[in-house]
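First the structure, then my questions, so here it is.
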Amino acid sequence: MSGNSFGLLYCVTSFGESHGPAYGGVVDGCPPGLALSAADLQRELDRRKPGSSRHVTQRRETDTVEILSGLYEGRTTGTAIGFLIRNEDQRSKDYSAIAEKFRPGHADYTYWQKYGIRDARGGGRASARETVVRVAAGAIAKKWLKERYGVVIRGYLAQLGSTRLKFESWDEVERNPFFSPDAAVVPQLEKFMDQLRESGDSCGARVNVVASGVPVGWGEPVYGRLDADIAGAMMSINAVKGVEIGAGFGAIEQKGSEHGDEMTPQGFVSNNNGGVLGGISSGQDVTVSIALKPTSSIRIARRTIDVRGNPTQVETTGRHDPCVGIRATPIAEAMLACVLADHALRHRAQCADVTPPTKVVNPKKIN
Amino acid sequence: MSGNSFGLLYCVTSFGESHGPAYGGVVDGCPPGLALSAADLQRELDRRKPGSSRHVTQRRETDTVEILSGLYEGRTTGTAIGFLIRNEDQRSKDYSAIAEKFRPGHADYTYWQKYGIRDARGGGRASARETVVRVAAGAIAKKWLKERYGVVIRGYLAQLGSTRLKFESWDEVERNPFFSPDAAVVPQLEKFMDQLRESGDSCGARVNVVASGVPVGWGEPVYGRLDADIAGAMMSINAVKGVEIGAGFGAIEQKGSEHGDEMTPQGFVSNNNGGVLGGISSGQDVTVSIALKPTSSIRIARRTIDVRGNPTQVETTGRHDPCVGIRATPIAEAMLACVLADHALRHRAQCADVTPPTKVVNPKKIN
Amino acid sequence: MSGNSFGLLYCVTSFGESHGPAYGGVVDGCPPGLALSAADLQRELDRRKPGSSRHVTQRRETDTVEILSGLYEGRTTGTAIGFLIRNEDQRSKDYSAIAEKFRPGHADYTYWQKYGIRDARGGGRASARETVVRVAAGAIAKKWLKERYGVVIRGYLAQLGSTRLKFESWDEVERNPFFSPDAAVVPQLEKFMDQLRESGDSCGARVNVVASGVPVGWGEPVYGRLDADIAGAMMSINAVKGVEIGAGFGAIEQKGSEHGDEMTPQGFVSNNNGGVLGGISSGQDVTVSIALKPTSSIRIARRTIDVRGNPTQVETTGRHDPCVGIRATPIAEAMLACVLADHALRHRAQCADVTPPTKVVNPKKIN
Amino acid sequence: MSGNSFGLLYCVTSFGESHGPAYGGVVDGCPPGLALSAADLQRELDRRKPGSSRHVTQRRETDTVEILSGLYEGRTTGTAIGFLIRNEDQRSKDYSAIAEKFRPGHADYTYWQKYGIRDARGGGRASARETVVRVAAGAIAKKWLKERYGVVIRGYLAQLGSTRLKFESWDEVERNPFFSPDAAVVPQLEKFMDQLRESGDSCGARVNVVASGVPVGWGEPVYGRLDADIAGAMMSINAVKGVEIGAGFGAIEQKGSEHGDEMTPQGFVSNNNGGVLGGISSGQDVTVSIALKPTSSIRIARRTIDVRGNPTQVETTGRHDPCVGIRATPIAEAMLACVLADHALRHRAQCADVTPPTKVVNPKKIN
């Protein structure tokens, strides 16, 4: 398995650079017979799209996706699904000034040292624009999980800088450019972002993702655990520095008598474990939380070195998201969807003949 | 790649159950010519061993490891290294009472539902005793990384319940049963653990792990990132609910002008990124922090259901660690070592011919 | 996936050397609930065992297998199945004379050059004794395939040196030490082998393997084809130099009007494709044929070089099979079983929801 | 690893169907710094191209390849190389008549049964046109192997129907449309093909491929053997029914005293093992031979069933190669190149620090 692929059975392969001709991907292992069209992918891509509000990068991309294979008469055939998203707005001139310098917080220095060659235009392969491939691949996984198992995967912005957002409703999430679950806080977020943009600085964010309806039994102990694969997938998203499942770091200060989720015939009475026990889904909501670092591209001048090792300064004046976390919600959902689809397939491969012996009326958390 | 294996080139496979005859593992891909003996593995296993203080499980195991293959005249031959650790103290009778109930916070319910069959003795495959395999495999990786690249991997207890530990010195870590880097706090920890044990409850913990001397260039963007593989490996450890790299969740409240690690010819001036930029090691310390949930096996009675779905209660009276985090330090080190060894091999496979073009005097954080 | 593992979902990992303490293996991915005991593995191991007739190596090994994990109350639990076969008759002194020389046809030279270190005792890792692991792993696969799908996997000796054997009956195969399907030819084979042994030389062989009852649909085009995986698995057996599926090399001289297997409502009218079309099983018998080279260890002196590059001679006087092909039948069966089990799991992962639309009364070859 | 990907470190992923918009592929793991352009891929694609003589399919395709990623200023960057080959001449109407029938020897029936849905246009995913992806991916591998290690990979037609071709010279191979190494036999081949085409029938072929200059040491025993991976890769090519390494099936009738390749300080004195000993390259030429079945699409009417299971007949009148083996030479070369590149990378990952201890003046066969 190469570095640009992930998933054992629902396998996603990605290629493309920020200023090359196109991004593209291959989804292999999707079950046959799923009704699918480019519109299904486009819907998710549009949620991630740049230029959708003044708070995100003003790069102009339609992110139009073309499906090149794996479909016949509107249904998946079980063969590899190839798709392409052409780049449209590559202003290479924007980046010429920084080709010789390593931007702090960026992958410039590490790519240069690893490969001895670097496509500096817009971050090349390290650009967060690569996440279009994840979102497209995740759209297919989402659709299949929903239709086959009733699994629903949704995310929201949980924190922007130091502002923690209350979870009010899923409906609200899609109504504002922040994926905020709380309408009331949106004006405050807008004001904060305007000030941030003006200051030339950037900030971090927290995004929460929840998968509901996941059946009990997905995940392969001991290394191929569901939560392990989720953690790996989330940490592979650009700018992510932390991942939590369930109570996460809050579990440190919990007592065992508080943390362990009790069960009753009516279901679990809490969900500190975030829907995963021993690496296997428990039937409760799978709850994941990720930390995204502040955008590294800022207008404020910063110390660095150039490719010859001499000290210099760099300030980034291109079109950048002042908070990459704002557009991260669909990306995190997509990664969760891909991991779940992979484990759905893996589970039924090994355990297709198992009749789960215990009848639990409602294996979900009691409200 | 099956669920009981991990690593692409430095590949670890594990088997064994808590009350079966033995645990064992296979390390495949270790470079040939490394001086190695069972004592190298034993040293690390002894650090993890139960019964080493009154604060951990009193199960009596020598954890004696036998190497079965892959060595010739004291050196690795490049072939698969098989090893075995016999179980000695399996008191199956201890567990008979709970075979019919699902212990809250444990994997009992999920294994039962997934596989339709469950080895309830001591948690079976879900027992944290499986980590002996990780520690043994990690010992080999550690030795090779140290000898070949000068990489040093060390961990310590950073928080126990609500007590945050100061980092005083690496030397102190090996001198107390908590892997505490601060001698002064040890009496307080002992008192806390005594009270906890008496109360029949358990608590969570935070463990930090640091790899020093990692060369720049390890890690494969975009999915096979070094940090992604570290996150997956850490989350696969029993009881882990959260993983951070570098600033981790603290990055949410940072500004970009604070987070992005500036560079000078003398090196980086901070290490918020935890030694990984764009998924590739930067040459700085790789810093990882994990959250471990409180032990699920506690003496306090808890509500649950039995295998027929009827409500009942369970209290666990066996020999358990009141805080699994206390013995987790060598385990987390081992997982980090395995991931780094894997990426060391992956990097030189692809980039063996690259001469890193930039001479940076000291690619480490300036003190 | 490391070099000592194979299979994506039914995954086999192997370790051990000819004169080390033991061989062992791990089977991961086996479905839960399969009734299994060491006796199931032992039965197949006994078919491969050395010393069973004067025509094979006189090394004395009981090949007693111990299962170390993955079973509970006589059934597989779905966790990794570890097993061990201790070496008993390692006469290291036999090999001291050849440690400094490269035996023609053996892996001595290539291991030495690849790894810079070589366990010369009995061929070390390159010994054909490693096939005990394959046979044990295959025994589990065979049992599951038989119980779950009614698949029966059988092989026989099809050619010994220049003697081609007629296929008379499956029953006969297990009644003679050659796995000959023809009782009448056995005395001739015995005489031939006696002469061969006396001459100090060795000969090659052909083994045919057939899997009956394989459902239509197993195999993943285009690279993970069933026949591709079979070919890889067969060629990985020591001494195998050729693999055929169906008509094999005979297809070169066939016309399309002869080769393409016609279909009728009663089934296929021929099986030139060997049960695989487009990489997917067709429901017909999967037929595989392999060529095994003559044993490289012979008493006749041969030219070679020593580890310093000087010319010398080598003759091998140890205990060797004069024809490795004689004991190869259970090994080839085991490899086919493992590949089929893997693809059975892979198929139902992706296509569990497919109802094959065409009703073919009998998708097998008409007699 | 999904069914449409192969290779562990030099990893090729493929998508596309005969009558879809395009074929495409992703090569991941290519070392950075290799000078590469679309022309390098085009050269090999042109060798495989349809319509290049009257003896192959008259489908009109320029097979123009576009590289979409992984290059910067004419050199590989070490990131995934995506490429696209648009289909131009898809006459879907040609195939409407056969959409309801299963063509003997084709994958129609097995795809239909496996997936429950089938793209019948030109064979869909099962079309041999998929080999464009292999050839493009192989072109990159070939170039790197040549520049980095001096490895040269060449193939030729060794048998056409019952006509065995003499190997006269590599130069001749590229001068005729059959990849015949013997100029003298070409008129006879042309006459044979004209008659074959006229008869509406097809024939099989044998193709030999040779890799020269492969260093000693590539290949991972015991399952990841070089020859095992070559066999798997070759058998994954459409229409291949047999694979041989070195003496292949001829080894059955050899004696050990003939087969085992003796060594002298001047090199090996024969190459019966085909450049692989114990699964590891020996430094001799790697020699591979494959059998290709006769084209299944023929004008002669053949018995079959339709999708409802009723008996019918089918004759194929489209544009087909009367012998798929004629264009198979570049495809087989490509597959060998990909496997060798993969093992070159795998070898140096594990054994980069090994200094091969034996100085053999010329590890090649003495002429």
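Note that the chains are named A, B, C and D in the order they appear, and that numbering of residues resets to 1 at the start of each chain.
Going forward, a contact is a pair of C-beta atoms (placed from the backbone, for glycine too) under 8 Å apart; a residue touches a chain by one contact, two chains touch by 3 or more.
Nothing here was measured: the structure is a model prediction, and the numbers come from that model.
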item: Chains contacting each of chain B and chain C, listed by label; value: A, D
item: Chain pair showing more contacts of the two, C-D and B-D; value: C-D
item: Remotest chain, chain C as reference, centres from CA atoms; value: A
item: Inter-chain centre distance, chain B versus chain D - centres from mean C-alpha coordinates, in Å; value: 44
item: Cα-centroid distance, chain A relative to chain D, in whole angstrom; value: 38
item: Chain centre separation in whole Å, for chain D relative to chain C (CA means); value: 26
item: Multi-partner residues of chain B (each touching 2 or more other chains); value: 1-5, 8-9, 14, 29, 32-33, 78-79, 114-116, 125, 221, 346, 351, 354
item: Partner chain C, residues of chain D touching it in the complex; value: 1-6, 8, 12, 14, 102-107, 109-116, 125-126, 130, 159, 161-162, 201-206, 216-225, 227-236, 238, 241-265, 269, 272-274, 277-283, 291-298, 300, 302-305, 307-311, 325, 346-347, 351, 354-361
item: For the chain A and chain D complex, residues of the former touching the latter; value: 1-5, 7-9, 11, 13-17, 20-24, 26, 28-29, 32-33, 66, 68-70, 72, 75-82, 84, 114-119, 124-125
item: Parts of chain D lying in touch with chain B, wherever the complex brings them together; value: 1, 8-9, 29-33, 78-79, 148, 221, 345-346, 348-354
